[in-house]
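As structure tokens, here come the structures.
Here come two complexes built around subunit A, the first alongside subunit B, the second alongside subunit C.
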Partner chain A sequence: MKAPTFTQSMSWLHTWSGLLFGWLLVPIFFTGTLAVFEPEISHWMRPEIRHAPAEPARALAVAEARLRQVGEGAPIWRVQMPSSRQPAVGIVWGNREQTREEVLHPVSGEVLPVRATEGGHFFTHFHAELDAGKVGRAIVCLVGLVMLAALINGIVVHKKIFQDFFTFRPQSSAQRSWLDAHNVLGVLGLPFLLLITYTGVVILVDSYLPAATYHFYDGKAGGPRGDVVRSFERRPAGVAAPLPSLAPLLQEAETVLGAGHVGWIGIRAPGDREATVQFMRHLDDRLGAVADHITFAAVSGWELGRQTEWNPVAYAFRTQVGLHLVHFGGYPAQWLYFLSGLAGTAMMAVGLVLFTIKRRKRPGHEFGAATARVYGAIESLNVATVAGVMLASAAFLWANRLLPADLAERAAWEIGAFFAVWALTLVHAGLRAPGAAWRGQLYAAGLAWALLPLCDVAGAPGLLDAMRLGVDLTALVGGLALVYLGWRVSRRFAAAAAKEAA
Partner chain B sequence: MNISWLHAAASLGLAYLGMLGLCLGMARHYRQRYHHPLTPGRGRVLRLAGWSGCLLALAPCLAGWGAAQGVVLWIGLLSAAATGLVFLLAWRPPWCTRGGALAALAVLAWLGSLASGG
Partner chain C sequence: MRIYQSWTQVLSRVLAAGLGGYAAAWALVFALGVWLPLARVSLWFLMGQILPVPLLLALLWAFAASSAARAWGWLLALAALLAGLGYLGKVLS
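Up next, the complex of A and B:
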């Protein structure tokens, strides 16, 4: 037997790594795409919060008043200032072991009775570690590397990158048209795909080879970060001293960090003589995800230190992090990432479909006598990891409106709904024939997303604000697209069946 | 509406016009759109215009976001423009040039806002 050529070897690698890791890549990519709008989804999931124009001084005043009421004796207070994407004031108080939090109206200071929810953060969390802690993170690390390799060997396999740059022939055979779609989305999206995969790997860099940092930082998590981000906290004196108003400090912090740019405020040992107040700048107007900060002694009002200039290595690293997180650039940048993410998800989903389409026509007999059964299992997994995860994500949002507000462990039930529905889609895909499975799940996912606005309006009181409306409209458009896709796919399957019968 | 959307629309418009030039500058796609062959001279003009459009698309991004973020958005918008173009060309070939008119309109609106000091 002749040894395979380089391109053939790469093609084999691309096919099989793409298939095996595609089952994780598609859910990771899809949830990562949703995570671009994490603040908007979180806002949608807490409809008790209404968008209200907020003013930093007023927001801090209401937070401070409430913390003085409920946070008595807690050594840590934190305030999350309202922003255009996160309209309420968040307060946190507690100690290192345990914290409590509340959400306040930024003007009236009223405590908003928000429902317990993980919010859009669930998608970010699933994207980064599959909701499975260290093991999940290790799997995501591996998947990231394989994705990077698949992008490169995909280029090798494709070869005619520039000749076929604009080529998409939907009227050709099924295999040809799906291959064109896979290629065109991959090639045109390549800058984004390389950027997002590479920076994703870079973010996880410490998880790949933790031994060195473990060794040099005595096993302390976040050791290297501690070398760069300085803390100006002081040890509490144990001597009581009333905490003066924070308003003058905010004014001073804003002259350093910029008016309206304070994102977080941390108060340590309030009520102690050595209490400190730290103001952190938010990241939404710069590429490098570095937060400038300044700390004051709370009682005297003296500045204890600030960091507004960073070491170039920190900039370089955090710029790659920032490129992945897309807090920069405003809505045009976030929409661009969102659409690029959807295109990337589609590219990978089409890759999975291609595997089975190729073999439906010409089986490869890779698994001997079991080939037909293995192909069936592959097809089921394809359906559940593409359409199933989209349905499960919609189910997560439906659960937010349908579960009673005072349910114990409510946030966990929402996440449970995601995984339960995802498991059901796998069962469904295993029981139904491929055509029926794709059709059923694409329709179900499409309807679940398209009807989300109804679920929103029926399940939550009050008028829609712009952010909630944005989520609803995006869900509607995406859902209709999935229904259309389901219809097209079912027609293709019907045509193929008719051809076979004839 | 936020001014940054106008920068984005103008850049997307220029990127679209650029990609349209590069695409129609290829014999295969020119025929797909116009059903007659591409002459070498016209091909050169289209490709030159195409490259120019792609480069010029950087300008609104720089104006809106500065160098660091602008370059990221520019590359992203080039991809987005090309992807939209490919699907239009495949399903509704005549629409790909009408899309060009819309793109030109976005660019003109942007230039207008620059001229009026916006």
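Up next, the complex of A and C:
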């Protein structure tokens, strides 16, 4: 047997790594796409919060008043300031082991009875570590590396890249049109796909290959951050001194960080003579995901220090992180990422479909006597990792409205709904013929998303605000698109069956 | 599409990409850490940004090489060379 050519080996790698890793890539990409709108989804999942115009001084005043009531004796207080994407005030109090939190109306200061939920963060969390901690992060990093390789060898395979870009033959054979769709989406999305995958691997690479932490920091994971972010904390004196009002400090912090730009406030050892107040800037308007900060001595009001300049290498690293997280650029940038993410998901889903379409037409003996069974299993996994994960994600949101608000371990039940529905889609795909499995799950996912607005209004009465409405409308449009896709796919399968019968 | 001789060949290449590439990338971090005149914090944040490249190249090489033995050979040689350079730098300093 002759040694394979470069193009052959790249094509082989593209096919097989694309298939095996595609089963993780599609769920990772899809949930990552949803995670672009994590704050909006979190807001949707806590309908007790209404959008209210918030003003920083007022928001801090209500947070401070509540913390003085409930947080006495706790050495750590934190305040999350409201923003356009996160309209309530969050307060946290406790110690290093245990914290409690509440959500406040930013004007009235009323404690909002929000339901327990992981919110949109679940999608971010699943996207980054598959709900499997450090091992999950290493796996996602490896998947990202294989994705980068698939992009590179995809380019090698489709050398006629620009020609492919202008080629789309939706009316030609099924295989041809799926391949064209795969190529168009891949080429059009290539800059985004390279950017998002490379920066994603950068974020996770130390979980996969912790050589730098091992050699430069003796394995201490928090070391690099500790070297970059300056701390102006002080040891508590153990001498009581009443905490003065925080309002004047906010004013002073805003002269450094910018009016309306304070995102988080941390108060250490409130009620102690050495108490400190740290103001952190939000990340909404810069590429580099670093938070400038300034710290005051709470009792005297003196500035203890500030950090607005950063180690340039660390800043470059955090710029890659920021490019991945897309907190910057407002809704235009976030929509661009969201749509590009959907296109990327579609490109990979089509790639998975291509694998089976090619083989459905000319069944070979790749796996000897077991070939038919292996192809069947591959088809089932394709259905469950593409349509199944979309249905499971919708189920997560449905569970938010359907589960009783005061259920114990409520947040865990919502996540349980995601995994239970996902497991059921795998069982369903295993039991049904490919055509029926695709049709059933695409319709189910489409209806689950398209009916989400109804579920929202029925499950959480009251006025919709712009963010909730945005989630509902996006779900409706996406759901209808999935129903349409299900209809097209079922027609394809029917046509193929008719041809075979004739 | 069968382009590699056998399943053992494929498995060997997968392992070369994973283990060989991992070793080479680890050795690269070690060597650069010894030879680059940067503070450790800058080194750490630099490595995070460049590490995907060697890992990616190793992965592609493992399948593009004309034989599994060559895939392993070059990756292990590179890892040994980089590790050697690193130790040399450590001894000299």
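One rule holds for everything that comes next: the second predicted complex is superposed on the first by the 490 of 502 C-alpha atoms of A that agree within 3 Å, B and C clash if a C-alpha of one lies under 4 Å from a C-alpha of the other, contacts with A are read in each partner's own complex, and residues count from 1 in each chain.
In this text, contacts are C-beta pairs under 8 Å (C-beta built on N, C-alpha and C of every residue); 3 or more make two chains touch, one makes a residue touch a chain.
Since the model is a prediction, treat every value here as computed from it, not as a measurement.
For the composite obtained by overlaying on subunit A, subunit B and subunit C can both be accommodated side by side without a clash. Subunit A is touched at more residues by one of its partners, and among subunit B and subunit C that partner is C. Using the contact criterion defined above for the overlaid structures, shared-chain residue A:Ile152 touches subunit C, although it does not reach subunit B.
When the two structures are aligned on the shared chain, A:Asp206 is found in touch with subunit C, with no touch to subunit B.
Of the two partner chains, subunit B is the only one that A:Leu339 touches; subunit C does not reach it.
Using the contact criterion defined above for the overlaid structures, shared-chain residue A:Ser9 touches subunit C, although it does not reach subunit B. For the superposed model, the angle subtended at the Cα centre of subunit A by subunit B and subunit C works out to 90 degrees in steps of 10.
The minimum CA-CA separation between subunit B and subunit C in the overlaid arrangement is 18 Å, rounded to the whole angstrom. Of all residues in subunit A, those touching subunit B in their complex are 165-170, 184-185, 188-192, 195, 286-287, 319, 323, 328-333, 336-337, 339-340, 343.
Within the complex formed with subunit A, the residues of subunit B that make contact are 2, 4-5, 7-8, 19, 22-23, 26, 28-29, 64-65, 68-69, 72-73, 75-80, 82-83, 85-87, 89-91.
On subunit A, the positions that touch subunit C within their shared complex are 1, 3-4, 6, 8-13, 15, 144-146, 148-149, 152-153, 198, 201-202, 205-206, 209, 211-213, 215-217, 223-224, 227-228, 311, 313-314, 316-317, 320, 366.
Across the complex, subunit C meets subunit A through its residues 1-5, 22, 25-26, 29-30, 33, 38, 40-49, 51-52, 55-56, 59-60, 63-64, 66-67.
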